[in-house]
Every structure is written in C-alpha cells, then in structure tokens.
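To start, I am sharing the structure in question, which I have written as structure tokens.
Chain IDs A, B, C and D follow the sequence of writing; residue 1 opens each chain.
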Amino acid sequence: MSFTAPDSDQLPRTLNDYYSRARAGMSPRNRAYFLAGAGDGQTASANETAFQQAEVTPRMLRDLRGGSTEVSLLGQKLVAPFLIAPFAYHRLLHDAGESATARAAEAQSIKMVLSAQSSEPLDRVRSSGPGSDWFQLHWLGSREATQALAQMALDAGFTRLILTIDAPVQGVRDREIEAQFQLPPDVSAVNLARFTPPAFTSREDAQSIIFDHIAETLPTWADIAWLIETLEAPLLLKGVLHPEDAAQAQRIGAAGVIVSNHGGRVLDRAPSTLSALPAIVAKVGPDYPVLMDGGIRRGVDILIALALGAKAVLIGRPIACGLAVAGDLGVSHVLRLLRDELEIAMLLSGCATVQDIERDMVHLKL
Amino acid sequence: MSFTAPDSDQLPRTLNDYYSRARAGMSPRNRAYFLAGAGDGQTASANETAFQQAEVTPRMLRDLRGGSTEVSLLGQKLVAPFLIAPFAYHRLLHDAGESATARAAEAQSIKMVLSAQSSEPLDRVRSSGPGSDWFQLHWLGSREATQALAQMALDAGFTRLILTIDAPVQGVRDREIEAQFQLPPDVSAVNLARFTPPAFTSREDAQSIIFDHIAETLPTWADIAWLIETLEAPLLLKGVLHPEDAAQAQRIGAAGVIVSNHGGRVLDRAPSTLSALPAIVAKVGPDYPVLMDGGIRRGVDILIALALGAKAVLIGRPIACGLAVAGDLGVSHVLRLLRDELEIAMLLSGCATVQDIERDMVHLKL
Amino acid sequence: MSFTAPDSDQLPRTLNDYYSRARAGMSPRNRAYFLAGAGDGQTASANETAFQQAEVTPRMLRDLRGGSTEVSLLGQKLVAPFLIAPFAYHRLLHDAGESATARAAEAQSIKMVLSAQSSEPLDRVRSSGPGSDWFQLHWLGSREATQALAQMALDAGFTRLILTIDAPVQGVRDREIEAQFQLPPDVSAVNLARFTPPAFTSREDAQSIIFDHIAETLPTWADIAWLIETLEAPLLLKGVLHPEDAAQAQRIGAAGVIVSNHGGRVLDRAPSTLSALPAIVAKVGPDYPVLMDGGIRRGVDILIALALGAKAVLIGRPIACGLAVAGDLGVSHVLRLLRDELEIAMLLSGCATVQDIERDMVHLKL
Amino acid sequence: MSFTAPDSDQLPRTLNDYYSRARAGMSPRNRAYFLAGAGDGQTASANETAFQQAEVTPRMLRDLRGGSTEVSLLGQKLVAPFLIAPFAYHRLLHDAGESATARAAEAQSIKMVLSAQSSEPLDRVRSSGPGSDWFQLHWLGSREATQALAQMALDAGFTRLILTIDAPVQGVRDREIEAQFQLPPDVSAVNLARFTPPAFTSREDAQSIIFDHIAETLPTWADIAWLIETLEAPLLLKGVLHPEDAAQAQRIGAAGVIVSNHGGRVLDRAPSTLSALPAIVAKVGPDYPVLMDGGIRRGVDILIALALGAKAVLIGRPIACGLAVAGDLGVSHVLRLLRDELEIAMLLSGCATVQDIERDMVHLKL
C-alpha cells in the first residue's frame, strides 16, 4: 500500500489545521458543496455548537490499564467507534477519489461507508480498502431499481447497507446555487450509470413538481419493509430525527438507525443530531443499534455521542478536509488524530473502555 | 400580462440574494422606511430570530403523493398559505408601484392585500391583479370616514378587509428621522386624498398632543364592533399580540385576527409575533382564523407558523425587496421561491398537506 | 430663562444620536468617568441589556382620551414619572454646569436631584431651577457632619433628600485609572468645601486601610435611623439591591428606596437594577415608594420599570450626554424626547395613565 | 529583600493592564503554553465566563469595622483566602523564575504553591520565600518514586502537599503544537532530574500507547490511599470535578480537594470549575477543605468562589502575567491588586469577614 507523499513537514499538525486549510484551499464550488449547510446554515451550525456546548465531567484515579476504544457493531469488531460517513464525489476533492479514502481507512483499520454516488467504480474502491465493507444507497425511484443497486453492492463484497431516507430532494442549497455548483465533466456517479432515472407519470392536473412528480418516486415505510425482507444483509436507515420513526424502523426489522440531518444539508431548521439522540435511544432501548453523524470535529465529541447512547458515529466533513488537503495521507492523519483524541478523552475522563462511557458524564446545554 | 424584463441572468438566484441586493441598492431613506424597525430595532430583529431558532423535527417515509400547499381561508381557496402583506407606497420602490406587485401576485396565483396607503389608484391595481381582492385600511378618525373608506374598497371589488389597529401613532422611528425620510412629491396615498384628516378639538387645558389630541381620533372596541356590524364583508383585525385582545376580536364578530407587531415598526420591545402566536391560538380555539406576519424570510418559516396554529401568513419585506430589485419580475420570483421552499420543507418534513403540519413538529427556543 | 443656542439644525435628532455623539465627543477622562462602569463593566452593561431584552405586550383599542404621564410622589405632582438622577461635577461636561441642567429641567417641568458633589453653589443652582427641590447627599464620616450637610440643603430650599448608601468606596474604577482621571483645578465639590474630611484614628495594629480606617467612617443602620429621626424632610435611601435592605429601610422610616447599583460604577457583578426590582417591590408592598435607576435609555424603559413596580425612575447618563452635546438645550431636548417616547409607548401599549401600566404587560428575560 | 526595578511609571495600573500587556508581550510559544486552553479552549473560556456572569447581591449599612480577609486553612493563618497556584517553568516567563515569584509572595504575605516542575532548585526558592511552604507534585509512575518526591519536598521544609490527579496525559494541546512549543535548553524541571521516567513494560499485543503503556504508570485510588497513609504531611488532591471523587478523597483521608480543570489545559469540554463547585461542597459538607482554581481574574471572583463554598482559591494566570510583565515587582503588584479588589468587594457587599460571605449572595447563570 503506497501513499501520496506531500512533504510531511508541510502537513497540518492538528484537526483544526486541516479544517481551516481545507476551507481556505477549496474552490468556492467545493466549499459550497462539501462545507455549507442548506438554507441559512442554522442546522449545520447547530450540529457543531451542540457538541461545543456539551460538558463532560471526568472521573479520576480509575484503573485504566488494558483499556481500548474497541466496539462490536452488527457482528463486526471495530477498533474505534467511528466510521467514515458516506459522501458523494470524492474525486471533486482529490484525483485519487474514493480509492484514496479507502486506502487511508484500511491503513487505520477504520471502515469507510462507500456512497452510491461514488465517483470511482465499486470494485476499484473495494480493492483499495478491502476492510471497508459498508455501502450506502438511496432510493432509486422503484423497489426493483433500489433492490438491484443493493444487490450490486452485495455482489461487490459489501456486507452492511445503509439506506439514506432524509433527502428525497436536495433541500434549499442556496450556497451551491450562488456558487453555481455543477459537476465537472470528468466526475460523475459512475456506479449509477446503469440505472435509468425514474420516469414521471405525465398528469394533466399536476400543479407541483414536488407533490405530483417527485413524490411518486419516493419510498414509504411499506417499501422499506419490503426491501429489508428481500435483502440478505443488514440494512440501517440513515436520517432519523423523530423517536417514532426510529421505533418504526425497529419494528420493520431495520438493523439500526443513524440519527442524522444530512450534515444540515437538507432541511435547515432541523434540530442538531446530538440534541435529537437521547430521546431516540430512550425510545428504542439500549440494545438497538443507534448511530449518529453531524458536527463531530474532535475525539471528545465521539465520547459525548457515545455517552448519550450512540453505538458509533460517522465522520464526514473532517474526512473531506483531510482528503482535500493531502489525499490519502491527509485522511489517514485525520483518522489517527481523531482516534488519538478519543483515547486521550477517555483516559482523561476515566474510561478504560467504551462501556465505561456513561450517560451522566455528559450534560447538554440546549 | 407583460413583465418588466431585466436581463434574467442578472436576477438574484436565492431569497437571501434578493434581501442583500435590495438592502445594498436602496436609498438610505427607503432602507430606513422599509427595512428598519422602530427604536433600537429589537422587535424587528426578534421577529426573524424567533424563526431562525425554531426547530422542525421532520418525519420520514410518509406517503406524500398528491400533496399540495392549498388552504381554504374565509371561504376562499389559496394555492399556498400566504398572502402579500399590505404596505404603503410601493412606488417608492419601483415606478410601477402596486400595479407591478399585483401583476406578480396574479402570475403566481397569490393574493396581495392592498394597503389603503397605496401609491396607485385602487382601480388600476385591481385591474392589474383581479385575483387580489383583499384590502387593508386604518381608522380615519371617525366611524363615518372609516366606513366610507371600507365602502370605497368594497365598491372597487375587494371582498376581504383588514383593519390595522396597532399603529395609532408611528412609533419611535429613529432610523427614518436620522435618514430624514419624507415622501417625494410624486408619491402619495392617492386613494385617501378625498378624506380630510381628523380635526382636533382645540382645548385650552391640553398638555399632551398624544393624549389630548391624537387619542380623540382613535377607535375603541365599541367603534370596531359598530364597523363590523355595518360592513357587509368579513373584517380581520391586524396587530393583535395579547390573547385577551384576540378573544375580544372574536366576541365582537371579527372574521379573524392577524398576530402582528407591524414588522417591529411601531412599539419596539413588543414580543416577536412567533412567540405570541401559540397563546393566542390557544385562547380563540383551533377553528378561529388566526393569521400572522413578521420575520418570515424562508418557506420553512411558513411551515413553522402553521405548525404553531396560523391559518396563513402575510409576507412583507421579502416582497418589498423583490419589487426594489426587479419590479414585477422580482416579486413574482420571490413568491415562487417562497412557495418552492415551502413545498420542499413540507416534503422534507413528511407533510403532504397543510393539515399534516402538526404542533409537535416545532420546538420554539425563546 | 435663556438657553445657550447652538445651531439647532446641528442638534441631534434622536436619543441615540445624543448618546453616540456624546461618547465620540467626550475626552477619554470624561468618557471613563461618566460613561464607563467599574471593573469589567458587566453591571453597567447588564443594566441596559435587561431593558433591551424585556418584552412589552401591548393592548389594543382602549379608550386613551385625556390620558397623561402624571404621577404623585411623596406629596408632589410630577408631570412624568422620572427625575434627573444626581451625579457629580456637571461642569466637567459643560461650563454652565448644574445651572444649565437645572434650567433645562425647569423648562420641561421635570425635577433634577442635585448632587452634594455639585460643581456649582447650591444657591445658584436653586435659582436656575426653582422647581427642582430634591437633593442627594452621602455620609460625611459622622452623624453631625452628615446632618449639617442635610440641613444646609434644607436651608437652601430643598425639600426631598436622597442618601446614597452603596458607595462607601469608589469601586474598582479601572477605566478611570487607565485614563488617569482627575478633576481639573477649576472644578470641585464647592458645596462640601466647608466640611472637613473624616479623620482616621491612628491604630498601630491596622492592616487594612479599608477595614481599619475607612470602615470607621461609614454609617450603619443605626446611624441612618438617627438621621431620619432628626431630619424634618423625607429621606430616601439610594443603592438598595436586596429585599431585606429595602424592608429595613421601610422599618426605620425612610421615605422610600431607590433600587440602584450606582450605574454599575461601584460593585461590578452586582445584578442589573431591573432584575432586582420585582423582589424588592414584593417585599415592601405596592404602596411603599420604590424608585430605580440604571440602564434607562428610552421612554419605553420607563414604562417597563413602572410595570415592574417602580413609582418613578432616575435618569443619569442620558442627561450627561445631553449636557455634553448641547448644554441646557441638549438636556432639555433629551428630557422632551424621553417624555415623548414614554407617551408614545403608553399610547401604543394601551395605557392612558401610569396606573394602567400593569405588571403582566412586561416579561423579563434574565 | 530587593526587587527588580523597572521604571514604576511604566508599570501597568490595573489587573487587566497586566493581562493584556502580558498577552501582547509574550512569545507565541509562551502564549500557547501559559494562556491557551486545550482543544478549542471551551473549558478555559468557560472558567472565566462563569465568574463574569455570576451576580453578587450586596448588603448595605452593616458594621464593617475591624474586618479582614484573614482565613485559617489546614492549621495555617492566611492573610487572604488565596494562594499562588502551582505552575511549571517560571523561568520561561522571567529569568529570575520561581525565586522571583516566591519573593513577591513573601512581600505580600501570600503563599505560593511550588510546582514539582519548578525551573529553579527547591532550596533556592524556599530561601527566597520562606513563608511559602506548599508544594505540588504529580505521580511519578510508581508509589516509591512519588513518595520520594514528596519526601524531598518535606525535607526542604514544605509542610503542605498537593497532588495533581487530573493530568495523566497532557490533553490536546493544539495551540502548543501549532506554536511548536518546546523548552529552551536552559529551562528544565531541575528538581525532577534525579527521578528516572517510568519504564514501560514491552508488550507484544499492545495496540494503544495510552491504554497499554501510559495507563500502567498511572495511580489509582488505592495508590493514593497508600501515599496518604505513608506521608506525614497533609495531602490535597487537585483536579476534582465530580462530587463522588471528592467524597472518595474525603474517605481515604485526603486533607482536602481542589476543584480544578487544570485551567482548561487538559480535558476541553470539562465544566467550568465554578459551576462544579457547589455540588462538591454539598457532597463533602461545609467543614471539609474544598479549594478551587480556574478563571479568577478579579478580587470579586474570590468572593464569589467563597460564597459558593470554597475555603480558598488558587491563582495562576494572573501571576504568570505579573511575572512576565515585571518580574517580582509585577507579581507583587498583582497580588496586592487582587487583595485590594477583594477588600473593596467585601466592603461594597457588606462583608466584614470571610465568614460573612454567604451562599445566597451569589447567583450563578449557567
């Protein structure tokens, strides 16, 4: 496994270094697409603020020997309770695209969740990071097409599936509109090329593209229940914010839910994911796999999310920043820094293992 | 129907674009008159902040086919739950004045509420936008004059009347005073020219212009009850913030109330309209028509107001910005963007119809 | 009565104009002395913030004819419920000093409370503004000296006395220290010249100037009770923030209390006066005269203070700003603007008289 | 005792002067090491904010004669309820190092707590300030080494010991990393030179430096209980934030606890010390010695901490600033200013003695 090699003296030294250098170095279009939130950016910003205002009360002088960040999740052992969140078009950030990200994940023994909107072919990404066997898909307009996409992923060796349910449309992406974001000719969702986009029924009385056309192509709980039944791999639902929706996911046999507001990129004014997490965990019980993403910028944030009941978290923008700044080496470094910070946070707060991270260590200010 | 035609490449692309371009392009006097609040601007600012801090918890995977933004209000069918708020002197913003606004409203099938302080003749505005049959008036110093004004509107084809009750005087308009705002010679309230201003009784012992002169020309609940009885059209009262006043309006037969603080332009320190709304709806019950205005800048804000019990909202400053930037085309574009954003917000939060927008979707932070 | 006459076109037009022009025009030393707070300025700033965040819910359509801002206070009739707060050394701000302020007060029928640290002789100030018969004193180190000072004021025709009790030492006046504030040779407390400063007992074991010397010269409740008994005029205590201290003042026969933190110029971290007011009123009952000062910058602020139980308020910094900007004309204008704004606030909120300003109109955000 | 003598006209005049001049004058590396917090600096900043937002309600007209700031603590009489907090490497700030600080402490009759990471030999510091007989140590990897260090201090004449327990590793010191902080060749922890750093057991299965190596060298409650039993001097534990840890310290015979988050330099997101203090005092009872540090910048802050139950406080950064700006004279001046401000705050709030500082004088806004 070989890495791209920027002069390592010039690599950022801290996570915030990565974030600020990535922000400064990105094109306005990439900045709008990867870093901005929808609408006024309230939800994107609330995600981060919720973590920054959380308080962790540490415990002292506990025996921490032999501790570790390891967790078990859906039958897999993870070296640390976080995965790389699925996001589209890594090649916008770096020529080596999703393969670079997968290579870095492999080097750090962390799993990447590959997006269906990958800008590189599934097989190439899989071979760059064989340990990353999670795949994220979205609804393709019909049961059959969505099932075919899932099957394609399973055939390529992916074993855990995530279905994103919170983005039936893009949201009000003002920042992308202002930056006139569009994909360059050499970047596309190559793995979706074989699927034809859903055709709308032509209706004479149609008044609203949203309700009369797009809504016809969207799934309901019945469709998801059908999909779960037909699939031979665990499926998690990503984009849950209401406890009742989490309970419904549990009832229809979803393998877990991911508390997410799509990084604040869909419905601006949605609550921060951290604030939504506790009620969802309370609803589905402590054993059901609840993951979360959104706003995690520090290792201690992972500890905070786990204290509030998440089994693991997904990390998106920090990875995008690492990739933008220094390709696979950058992603690898960001992953290592996050894990180091998590270990330090656990040591400093008296937690030898993830099980020691208890609810009452954390006080949310909302 | 023909529109003014600025180069459409140069039109703003987002609502915030309209707002910032209008703010930058307006004369200091127009900025003070249309965009500033009274006093320190606390209330004007609180109106917007209340919406920005509201949280909407979306629901997933519901069946949204055939949904729509349609509502029924006072026997009329509206394509979307918002109207253009009445405001004075559109010709300060654009030569085509209220006619341009009415034309845009017609194009988008949205209703404009025409202000009695229209800078264009009633008939011309009516013919520019026949679908806009709402008229707003204020007390003209006596029962007779006010009734005559209302009758003039009814004669011109208006069918729904709004009486503004929260601005017996202008408020402390420091920003207008600083900008030395005054109407240019070619802009005036042309439809009020026939009405003579109220004459003050000369009193030797008068010490206060406010309490000894102006107060004599103001209406009380008894006057409004009389007016409602004499009119043959529904009358709504605009400018209610206290639940008891809403209840009183209901008792005397007002067709509805509009929760409003005059856009923060009258009593600075009045509460935000969004924070005042729930207690008023609780007081008058779910069936009584309660509308609101103030602080709505996004489609999702309309969803928030409806969740808290408003039957519809009135939009003022966004329309003024559209008119200032690009005349009828700008207003039309702003209306379309608001409706698109509302549809997107409904889709993303799982609401096919306005009836699906429920109270517990929204959490206010006050 | 003749006023100084700056070109009236160049006078400020609004209260905020006066404040910002005064701030800009003052010397750094005056700015530190008159406008800054003690320490970090937290309390000075909290005074203003408490008012800015207060919410006033107005009532509509009440009969307001014949209303007025008049109040009765300690047997006197005031045209409006505010007085000019006592503050030292007006001649630092304008050559005409306290005489200019008194002249302006007279012109507006408002009472000035003259400070014992007046930079002009009592008699001259009295003759400039005969209607202003309130005098503020502080403890002069002994019962006898303090009584003599009070008697001097009574002899000069003052009929209402205020004793400041919250400033036994100056507080941590960092801003004055940084600006190296000191009185110029031609400004001094001319009326105190005849009183010798308190002599400290020399003590061998003294370790603290504060506790071993200054504390010996300070009054206790017993001293104040004695003073009240010997005086033939009502005495109010200024500088009360704790309800128990207000109750004690009531018990010993003080004519009233003034809730004050000395404009934030003494104990930084003291609560804002507006936040302290309600508990004090609750303690002493609705009939006992409770006044307040601190943070009032708008007419509506007076309404807010009255809603929370104050019988009247004292205005300091706005007057200092008026004096600094335009002498007697400036003070007169500021007084008129405050009264106009109060009348407007009353009209807009549905209060014909001060008695109509009710507790539940105002919601404090603290 | 002779002091360094900068031109005293050029000395800062206020505490904030010291802080801002020190911040401006320090090298980026010193600024990162002495003034920054760990991570995003949230905890370091929260420490200060908690004090700035606390409210002190003063009492008036009490008899304050003969008052003083004196307290008894662990059998010692302190002239004021604060000590100089232990911090490392004073020679980074001034050539005269810990000796200068000790000399200033002696001059002001305040005790310095000497850090084990002193950059000057114990004996030299002791002789510069014989009144300062407190010593702070940290765990040296084993019971024996730590005991030897403590004994070294006792042999040098120190009589009160503090063990820091909240910094098993450094925390995420991004600001130091960015500034590439490292000790210059002529500054080191000279008193620790004789102790060999703990050797790690080599383990084949080790995956984490933190949990597999560092954790082996850390103490547990059992180790501390052993240390307390073997020592012949009182030992306080510094770095307690959870009430249960304070109770455990009390149970094993610690002489007291110091509520501390290491100035925000270890676990960022830990609560402010002021917010943690009340629950800890409630847990261990009013008689058990609870001290605190973190965020104290003003004399009134000491009063606030005492009102919430601290017996005394430790002051760190203000002393570092004094030392950086003007050596021993600067430290001496800062100590005097703090004590003066405390006396003023006590006088202004009606407290003659530390016992008069009561819980209900202070209201925390958290």
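Keep this in mind: a residue touches a chain if its C-beta (ideal position, glycine included) is under 8 Å from a C-beta of that chain, and two chains touch if they have at least 3 such contacts.
Since this is a predicted model, take the numbers as computed values, not measurements.
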Minimum number of chain-to-chain touching steps separating chain A from chain C: 2
Interface residue identity across copies chain C, chain D - same or different by half: different
Chain whose mean Cα position lies farthest from chain A: C
Cα-superposition angle relating the copies chain C and chain B, to nearest 5°: 90
Separation of mean Cα positions, chain B and chain A [Å, integer]: 42
Inter-centroid spacing, chain D versus chain B (mean Cα positions, whole Å): 59
Shared-contact residues (touching 2 or more other chains) in chain D: none
Footprint of chain B on chain A - complex, ascending: 39-40, 42, 165-169, 171-172, 174, 177-178, 207-208, 210-212, 214-216, 218-221, 223-224, 237, 239-242, 244-245, 248, 266-271, 276
Sites on chain D touched by chain C in the complex: 13-17, 52-69, 79, 298-300, 304, 340-341, 343-349, 352, 363
